[in-house]
């Protein structure tokens, strides 16, 4: 198990010994002036990133692990041009079972199993047989669920942590149910289905087994298009799925970001689409707000400038 | 009581007699080629507007009523350059008690008294003594309440009918309460106070005793600024009202339209302000959507182009 | 066959007899003041639209045809509130074979069969077996080709005529081939495939058997998303279709409008996508320009204000 | 009195003694690896900022001063990771009377008293008794004047120095008087009043007793709203102040930034408001231009990229 | 001389005789159903436009005048589809000397000769010999001055009347002189030269001998580019004109509209350019404001929506 | 000849000797604490920039060379605050003939002479005698051609290397010829002339004898305006050059950037202008794309964020 965190390294002096587990972000073989190779690593945990260099036994060490692996590093702290780095003496790959994922990547505060059960309950509550069948097919697709239950909702911005996508989707389901009495003409089953599926394409838009990034498909095609494809794939299996219902689900997905400028190829044109966009927006903005509150430990009544929202946020909210 | 509506005049032939009550929108004295005066009127009911002209006894008739009055017109239908107009023979002012306001201007589906009672209940539920006192001062200000209970929320766009402002504000209160469990760190009393007061300046921004329009102050200063002034006026009366609480209420008012582009001089910087803007936006957009649904009796699956939302809206929502 | 066109009706006097074929755009049953029904029609040909009314034998006449049918009208020219309309005495449905489609809707200057053969030649020229197979599957899908060979490229704007989509797509193929020598690193087969398929979703986005309009699916989902679905459907049939190749085709479709503002959920990120967007843009703009030149018969050196391009266009181009 | 400035520290060698007065910007207690506390300071003068650390007698030293105090530091220059910092041996708070404010913060080139007298002359020149009374009330409010006479016009951008607000406001008064002959229909007294009061809310929007920053109220409510409140407060005291005149003053304040995008909730709708916005804009832009000229000592004919104006500025203006 | 104006025609009955002078805007030969030609005219005076038709002696009448001529019309008032038109019996061309131009096109309130003399005085006041020579060359170019002294400053928008360009340019000169004391570092001669020449290209951008419109060159090249060319033409004649001074004049012309969005290919980068843009903007906006005040005779405190400024304008400015 | 490049200096140790040729970017005399002067240089080659300092014989060394000269430096590698710099012992100016320009600035892959010959062939092919004469005048203007044949097309962005302007212009000529068959109504000679001349103003907008930067005229007036002036200068020499043809060439130049936002004071209004803008855009974007491909040696399938295009670009284009 991990003993120290990179955020504490400012207190480690040159020459002190380091022996701990890290996640490999970058692994690159470079060459010294004398022509001999050395290994340049960037390793991280949830608190930051640090450089490490292997000068000896480079060949052998190189073969022991790959990028995105967990490794046990034994080495000595040193400095290069004013920056700390680890002079690595030995390195071993460490199995996933040996580490607590939460020490290395940001993770939802909710248990993955709890969120999955909550999803099951939502699906069970639907009355429309086609929508229920559609969501059930997703739920029973274990390959999909293995991804969906841990996917983040974004690379940074909002709900950018493992489990964030499901947490975010279920929050929207809850919000829609909360306000449903004011909008009696809505098709609640359709709206809930849209809440669950609106970002489903993110399981393929993002890479997130360990560190978060976009996939090629994510950048080139995007989660909206991918999401529609994933939904189409399931709908094809369901006998007599009404064409118009399928079209309305697709509309929810393609319009959920609200405007062209935000990457939605269509603006919301149904009541369900208007509400889904509004609740998606609320859930995202509140999450950004909360994250800014937690991240900001500085003095003063305002956070530092918050880029996603484009403004400073007020921290001192408590009213006497 | 009113017998016929202007929307039916396409079925009235030239020469048919007209005898009914109308609301005077425009009253102007013009002159004929021979130098004699005549009276040009534009009169309306909730279904439309029609021209009327008084050719005889102009002096006497002119003295009998003013703009924005209800009048009983006796005359004959005629045409001028292809457009129907009433050749008015006699006209009498009619007291407010003789007419049903709903025949002339759009009005909330809710009873004004019911909405006012609902407001009272909301105020009574508050725990923060300063906020409760603040809202109570508004509630007990009968001059204000006479305006607030019938004010529309806008000239056109959304909730543009008598009682629309209170209906809209209470809807936001309800929405905020509905979703409060997801956002436990919010100060619910503050948020509810913001929901009630965010558009309070509209009682002075708009003219709406009968027809809806902007006041001079509404155009030159705007409801956001007016609303802050009205709130300040009450706060000054309350002993020891906390300065920071006052500031947070003002922030809710100045930021509720969300962005500079929409006329808010500040973007939401507190959690309550983010939520208030989102719920205000939802209430307004759904109201626009519903109004478009009701107004559109045409064939086809889409409404005509909806200007406020900038898109066509889908009417055929029912899923099999 | 059609004898006269609506554009000539300004020369027809009230009371003159009308006997000709028209296309039904709107058909609506309304009621007279005496409670009896009458039939209100809007009928068109390629030169304009005119109102028509059936006052007698309404029941029987109503049953004889539907909207979007061709009908032979016998009637008398009359006027209502200064506008010409046909007082219809008799009406009969006319089979498609009896009319020349070009008298009623705008049609490509090229023969549909010629364009289809040109498409075949393009497909035959491809070397990449997967891309060739993909396009061949579209080509051999007769149901699809019946639509694709007559589809317009837009409702108005550019290539808004039957056959316009194929004409436009083949023009882009030609343009890409013309310039290929400058961009030797491009995958020409991929680019050509993108040129053929980039707007393929328009066969479902638009209605165009006779008059042009959007389908429900067109408004709610859009041709980009529909196009990707149609391509996916074919790719699924092809064994071992490379995943990356499929992704690159999807990227060409989702990015071909160039920017978010123009409704593309992704900007071009490959060289082929950059070129496809540029050539699509060129083909569309030149078509808008030519259409404006043809439509403008006025005096002066400039066309009237051209809305799609947002400017006046210079007509007097010939240099001495 | 101050002897050296931070801008000269590049010439101070490690180990040299430092003994001088600085302004405390940041004061923070941190902990060493051995658990003992140390004091981290950021201190500044008008030429820059430097770090300082207190390693000994931390408790005692901490109690001797607060943030935003002037302090006499005795210490030794040292380096940490390539950056100069002061190893502080002793520190004492220094009274305001002992320092020349101009050594620490940017200050207007004009004497505060001169500007105040100029303001008095402007007020004395007004003919409209209500406007004269209004401005006199501000002038006689000593608490207000203590702030107004030293307030900056902005945190950075333009007139960002002590006295800048009054200097800027009086410049606009002068500009308005200069051009008044061209616009004879203007109400000059009203325009001058607007020039004086348009930014008056900045005395509460900004903190500026020493370093410049926004107040909480400044960020959450903004100087436009605050300014209206301040004006309202005075108007309430004046008997029979005409309602329309009050409205026109408020309009000048809310519209002076010209457009929604610049944070004005209303665009100028009166001639005075149009002119005030234009002159405010001119004064601000010229000040930005001059500041860029002074700040830029580099070679070449252009300044470095000027962010507030979004362009490079030409320095080599002199025409032969 | 003209006796009646088109604005009074609402009081003229069908069958009344018309005998008066008009300006020909459109002259077009059309054909009746029987194949015989008739002449369709649109004629105007400063108050409006009216249709006229010549049914008899068409050949002969056609030869008597051209578009943009003044003509004496003898005819009878009639109506066509609810709109008044003149049934023309006889028509004669009228020489320019017989009419008062002001009856037909909008004209500056200032006498053209007075404005020209004022220009002379400005030029005489310059000290910089090169700038004085440059402006003198323009002034002594009689062909140019014949155009410059009557040119409008725009087709509509602001100063859209004969003489408007010179009136507008001299107003800017005056404004610049008024405020010069605040900006002592400015090169006043350069600024004044820019004020005179900034819009000089409009003499070729617009057609304005009688009715106002764009020239081909105006639309395709624009007054900024034309202005620079005109200035270059004069500068070439002046021996040893300093290159940098020429560049600074060109900069004033190309940047005077302030931003790319307003059609300036460069933003102001010198102090003179900043001030010129600001004063140009002020002069234009005030003129738009005044024009709106004059044009609006309606009731209510606001003008109708003002398109150039994008807002309603307040009319009731007088403060008690 | 140059032996080593700055990109290799990371392998040079402090104390190693340096003896090589560099290009002087910055040369500045500063003063040491003891009052003695030293010389601070920034010198570059095509791979980067490095600081150099002359501590001895400063007077003499200073006189030996100027900014933008090539110099032979003899010195010793040292470090200052973690950054490498050359301690210069001796320096000599080196003549242009002694260096290969390509070692110091980016240069077209094409030979300048080859490009010039290609230009000659294009001119020779024109049929319109006026356009042929116009281009010939440019071609025969040796002073101009010395600049035109080596000018870059931009400071950074696209074709930012010596020879880039001619390479870019000829590429557009070729593209226009390639696609000419689709647009038979175009005046190809006019379009080709526009392709050659559209950016001709860049020979004066940019400085590029060695390092690339804007000239004063480039920033203040811009290449569009300069280009029109240069073309006008030649046209004046040609007898009877048709006015309309001159106007159409000017239109091509002023509109070639397509929109106001991109700095064009006019949008394309002729077919030739539409096509020229489109081809210019294509050539520029493809060049940006290729440059990004070459510059990016990192891992992963995407380039780093590409600023000119505002997106990531996909590198892994090869389809299996």
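Order of writing sets the labels: A, B, C, D, E and F. Residues in every chain begin at 1.
The definition used in the following text is that a residue touches a chain if its C-beta (ideal position, glycine included) is under 8 Å from a C-beta of that chain, and two chains touch if they have at least 3 such contacts.
Quantities reported herein were computed from a predicted structural model and do not represent experimental measurements.
Asker: Return the chains common to the contact lists of subunit B and subunit C.
Answerer: Touching subunit B and subunit C alike, sorted by label: A, E.
Asker: If you line up contacts by residue number, which pair in E-F, D-F or B-D shares over half of them with B-C? Let me know.
Answerer: D-F
Asker: Are the interface residues of subunit B and subunit D largely the same numbers on each copy, more than half shared, or largely different?
Answerer: Same: most residue numbers at the subunit B-subunit D interface appear in both copies.
Asker: Report, in whole Å, the distance between the mean C-alpha point of subunit A and the mean C-alpha point of subunit C.
Answerer: 43
Asker: Can you check how far apart subunit B and subunit F are, centre to centre, with Cα atoms defining each centre and the answer in Å?
Answerer: The computed centroid separation for subunit B versus subunit F comes out at 62 Å.
Asker: Could you list which residues of subunit D touch at least two other chains?
Answerer: Touching at least two other chains: 82, 216, 219-220, 244, 248, 251, 269-270, 302, 312, 314, 316.
Asker: What chain pairs are in touch here?
Answerer: A-B, A-C, A-D, A-F, B-C, B-D, B-E, C-E, C-F, D-E, D-F, E-F
Asker: Where on subunit C is subunit E touching in the complex?
Answerer: 11, 82, 301-302, 312, 314, 316
Asker: Note which residues of subunit F are touching subunit D in the complex, please.
Answerer: Result: residues 33, 81-82, 216, 219-220 of subunit F touch subunit D.
Asker: Please give the residue numbers of subunit B that touch subunit D in the complex, ascending.
Answerer: Counting only subunit B, the residues touching subunit D are 216-217, 219-222, 224-225, 228-229, 232, 244, 247-248, 250-251, 254, 260-266, 269-270.
Asker: Tell me, which parts of subunit E touch subunit D in their complex?
Answerer: Residues 128, 171, 174-175, 178-179, 181-183, 185, 187, 190, 242, 244-245, 248, 251, 267, 269-272, 274-275, 278, 281-282, 285-286, 289-290, 302, 309-314, 316-320 of subunit E touch subunit D in their complex.
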